[in-house]
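Input: structures, listed below.
In what comes next, subunit A is part of two complexes: it sits with subunit B in the first one and with subunit C in the second one.
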Partner chain A sequence: MPATLLELICPAGSLPALKAAVDHGADGVYLGLKDNTNARNFSGLNFDARSLAEGIGYAHGKHRKVLLALNTYPQPATLSRWQQAVDTAAEAGVDAIILADPGLMAYASKTHPDLRLHLSVQGSATNYEAINFYHQHFGIQRAVLPRVLSLPQVENVRRHTPVELELFGFGGLCVMVEGRCLLSSYACGDSPNTFGACSPGHAVRWQQTPQGMETRLNGVLIDRYADHEKAGYPTLCKGRFEVQGETYYALEEPTSLNTLELLPEMHRLGIAAVKIEGRQRSPAYVAQVTQVWRAAIDAVKANAENFRPQTSWLAQLDKVSEGSMHTLGAYYRPWK
Partner chain B sequence: MATNMTQAVQKTKMPEIVGKLLGQLPAWPATQAFVTAFNLTVWKKLRELDWDGIHGRKFCVVIKDLQLALHFSVTQKGLRAEKPVQPDVIFTASLMDFIRLALRLEDPDTLFFNRRLLIEGNTDVGLRVKNMLDGVEFETLLDSFPGPLGRVVMYARKKLQQT
Partner chain C sequence: MLKKDLKLSLGPLLYYWPRDLTLDFYTQVAGWPVDVVYLGETVCSRRHELRLDDWMQVAQKLADAGKEVVLSTQTLIESESDLKALRKIVENKNFRVEANDFGAVHLLVQAGVPFVAGPALNIYNPDTLACMATLNAIRWVPPVEMPRSMLISMPVPENMETELFSFGRLPLAFSARCFTARRYNLQKDDCQFRCIDHADGLDLNTREGEAFLVMNGIQTQSANVHTLAHRLNELTETAVTHLRLSPQSQRMADIVKLFRDALDEKISAADAKAKLETCMVSAGCDGYWLGTSGSSMGAD
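The block that comes next holds the complex of A and B.
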């Protein structure tokens, strides 16, 4: 068994969101700085030096962890800013940084040997050889697994690596090519892996028309919602497109991941942490979701065999979900 | 494996008659009243935020159940009422949803998914304002209200939290 088991890691896009997570039972929060060094680079979101210091003080005061995401890819001209961000995180006293770029891992492990490193989902490591490589060369201590593996495949990774594993538990789903997806850049000109945002605000336009609410990305119509339909995030992967005369979700339907019912299995596998998606969401969302997952994880730890997700938990999570469905994603599938 | 979602969306609404009565208010005095109240209270706690790029932008808040549109801009001295001409961003929701957002009881993305909040125009400016306001703690804003009014706000929040 790992030293930690089913830590609840919650998103914080702002100081009030961090406090909401801590106050409602998160074991740790993850956050980013106010620039494109992280993959939620949206206007007005994230932390500057002052709010980072206050957030760390608040979390540590209640014995919770703060993880800082530096999970985009620096370019040669901007490398120094990413390295400065590593220095900022180390000096601020975060508990770990979450990295995707091997060059940055090399810098962090050499410059700050005592700083704990986590492998971001953006690193796209889906097999134990890759994870062990990062462990051996850079001392990575935890890996966030991409949402492409079934639970038996997660178990296989777990058996062959000393690195702690963190799984996504809840939140928006994407087309599951994390760290490698360039789809947004075809319409926006910005790659999410370097710009730090998929469908950045400057490219998005919503407009209510007589035909319904239209979503456009740099002028490209990606969806039109009738009045009764739920809306999704304005990303190309979740748009409806005309393909051979038929208009439908050609890539994927807006759907949220919800793995509450898999918690006993994650517990049995020795999964170190469960991650809640949504740094772009408000403190109200963070409070609601953290509260449910805290209760669920406590219930599993108390009695995994008899664990059943409560109806009220599922209703609460469904209420804040994107799309009209929730799914177990790739974790539950018979094929490999 | 997918399961159908339950429809657990909170739908607190103004009584229709109240909406109709308030809807008779002319927009300009309503905007003036909103701007004045805002500047006398929460602006004190918001003026230190980084408003670069927001100054001079024109905003429109459409309260759809009151059929009321508030037009204003952000200046260095606070909000200023504007004529209803070409806003940069338009926020549309019901009065109760705006109140729940202001009291930090509702998540804007949840309202958007459920088609109860619409942001039209310059999305980046709209998201920035939303995120900046989310970054201010509710207790900080509450401090800006005079004592009795602050207690009314807290009471309203507590009541709405239970619904």
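The block that comes next holds the complex of A and C.
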């Protein structure tokens, strides 16, 4: 069995969100610095040295963990900034850093041998040989799996690696393998890998037209909404497009991942942690989702066999979900 | 490097073509002016018109014709059977292997053989590239989104070759989901191999009818064809040694020849661009090279 089991890891896009997560039962929070060293590089989000110190103080005061995401890919001109971020994290006393880039892992493991390393979902490790590569060469202790594997596939990974596994449990759903999607830079020049954001705000335009509300990304029409439809953020894999004369959500509907009902199975498989997506969401969102998941994980740990998601939990989560629709994603085979 | 000394590579076939068409295609490749040919299925494990044994036969014929042959591995490796297929490729004794996943890198390092670090490995900085050199990578393919400005500032380790994706619809994304099967309301496990009907992928347009992306099974590509034939003079300051041309269904022989002639300065950059445009399956783009949106085409 891993050292931890079903830790609840919650998003902290800001200090108030961090406090909300800790106060409502997160075992750990993950956060990023205020630049493109992390994959939620949106204005108004993230931490500077001062808020980081305060956040760590708050979390550690309540015996919770702080994980710092440095999960974009450093580039030649700015590599030193990523390395400084590793130093900053180590000196601030975070419990682990979450990395995707092998070069940066080499730097971290050499410079800060005692600093715990997690493999980011942006590292695109979808099989145990890949995870074991990062473990053997850089001492990675936990891997966050891309949202592409079915549960039997997760179980197979678990059997073949000593590395702890963290799974996404709830929130925004990437239909593409994380770290292997350049759709955003193809449309607007900035990709998650280098810029730290998909479909970034500066490229987004909302425009009311006689045909309805249009959402565009760098001029590309991502969707158009009739008056009775609620317009969503133009994440480009969740737009409606035309294929062979038919207009539909060609890649993915605007749904959220919700794996609450899979918790007993995750428990049985010895999954170390469940991750909630949403560093771009409000403290109120974080509080609500954390509270529900805390209750659910406690219920599973108390009695996994008789676990059933409570109707009130699902209702609470439905209220805050993107598009108000839920899916089990790739954990459920027919989704593919 | 002088333009004339640059080598041409034919990238792995990203589409699913019928067996006879595929075999016929590679019979022709033997006579084309390409130096390196990448073979194998890199997109979907369900595709089986050619099995590994078939690819090995194609590989041998191309090697006999004087080509350097590299076996490319699948990009998204999920299941135990994917790993089994990967191990077979890694264990082959005759041909070099291109790793498109760190699982493949792991097995190649364990086997102690030199390899090509493929475009899906996300090598964006000198430290990671140096790390790959230590692990015995002898050639690397930068991410397709890497601009010239970034490539120029990458110190490339000695003896490491650099292969640039220079022609073809751009492989942009991979998913567990098959978008082609989804189009036909089929589940991936019962996809009926509908991607075989789309020799250059299935077009995805915006609601305004603008060509945007192309669905190729679990892979999403650009609708526009990325081309650098008119920018060959810009390569000389970089460490690029090989240009990768990605197969399309039509006029690939002409495309290869145009690139070779442009490198040998038998035709001008403007001529190469104009002639290529008559060969491409859709409009051209070069925005990634210029450091802007990949779909755009810069001014000459």
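By our rule, the second predicted complex is superposed on the first by the 327 of 336 C-alpha atoms of A that agree within 3 Å, B and C clash if a C-alpha of one lies under 4 Å from a C-alpha of the other, contacts with A are read in each partner's own complex, and residues count from 1 in each chain.
Quick note on the criterion: a residue touches a chain if its C-beta (ideal position, glycine included) is under 8 Å from a C-beta of that chain, and two chains touch if they have at least 3 such contacts.
Bear in mind that the values here come from a model prediction, so they are computed numbers and not experimental data.
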item: Combined model on subunit A: subunit C and subunit B, fit or clash; value: fit
item: Three-chain overlay, vertex subunit A: subunit B-subunit C angle, C-alpha, nearest 10 degrees; value: 120
item: Contacts of A:Met213 with subunit B and subunit C, given as first, second, both or neither; value: first
item: Partner chain(s) touched by A:His202 [first = subunit B, second = subunit C, both, neither]; value: first
item: First (subunit B), second (subunit C), both or neither touched by A:Ala49; value: neither
item: Partner chain in contact with A:Tyr285 - subunit B first, subunit C second, else both or neither; value: first
item: Partner chain(s) touched by A:Ala130 [first = subunit B, second = subunit C, both, neither]; value: second
item: Which of subunit B and subunit C A:Thr255 touches, first, second, both or neither; value: first
item: Subunit A residues touched by each partner, larger count belonging to subunit B or subunit C; value: C
item: CA minimum distance (subunit B, subunit C), superposed complexes, angstrom; value: 12
item: Set of subunit A residues, in rising order, touched by both subunit B and subunit C; value: none
item: Sites on subunit B touched by subunit A in the complex; value: 1-6, 8-10, 92, 104-110, 112-115, 118-121, 123-132, 134-138
item: Touching residues (chain side subunit A, partner subunit C) in the complex; value: 73-77, 79, 100-104, 106-107, 123-130, 132-134, 136, 147-149, 153, 156, 175-177, 179-183, 185-189, 191, 193-194, 218, 220-224, 237, 240-244, 247, 250-252, 330, 333-336
item: Subunit A-touching residues of subunit C, taken from the complex the two chains share; value: 75-80, 82-83, 86, 101-107, 109, 120, 122, 124-132, 143-145, 150, 153-155, 170, 172-179, 182-183, 187-189, 202-210, 212-213, 215, 220, 222, 287-288, 291-295
item: Touch list for subunit A against partner subunit B, complex; value: 13-17, 19, 42-45, 51, 200-202, 204-208, 213, 225, 227, 229-232, 255, 280-285, 288, 314-316, 318-328, 332
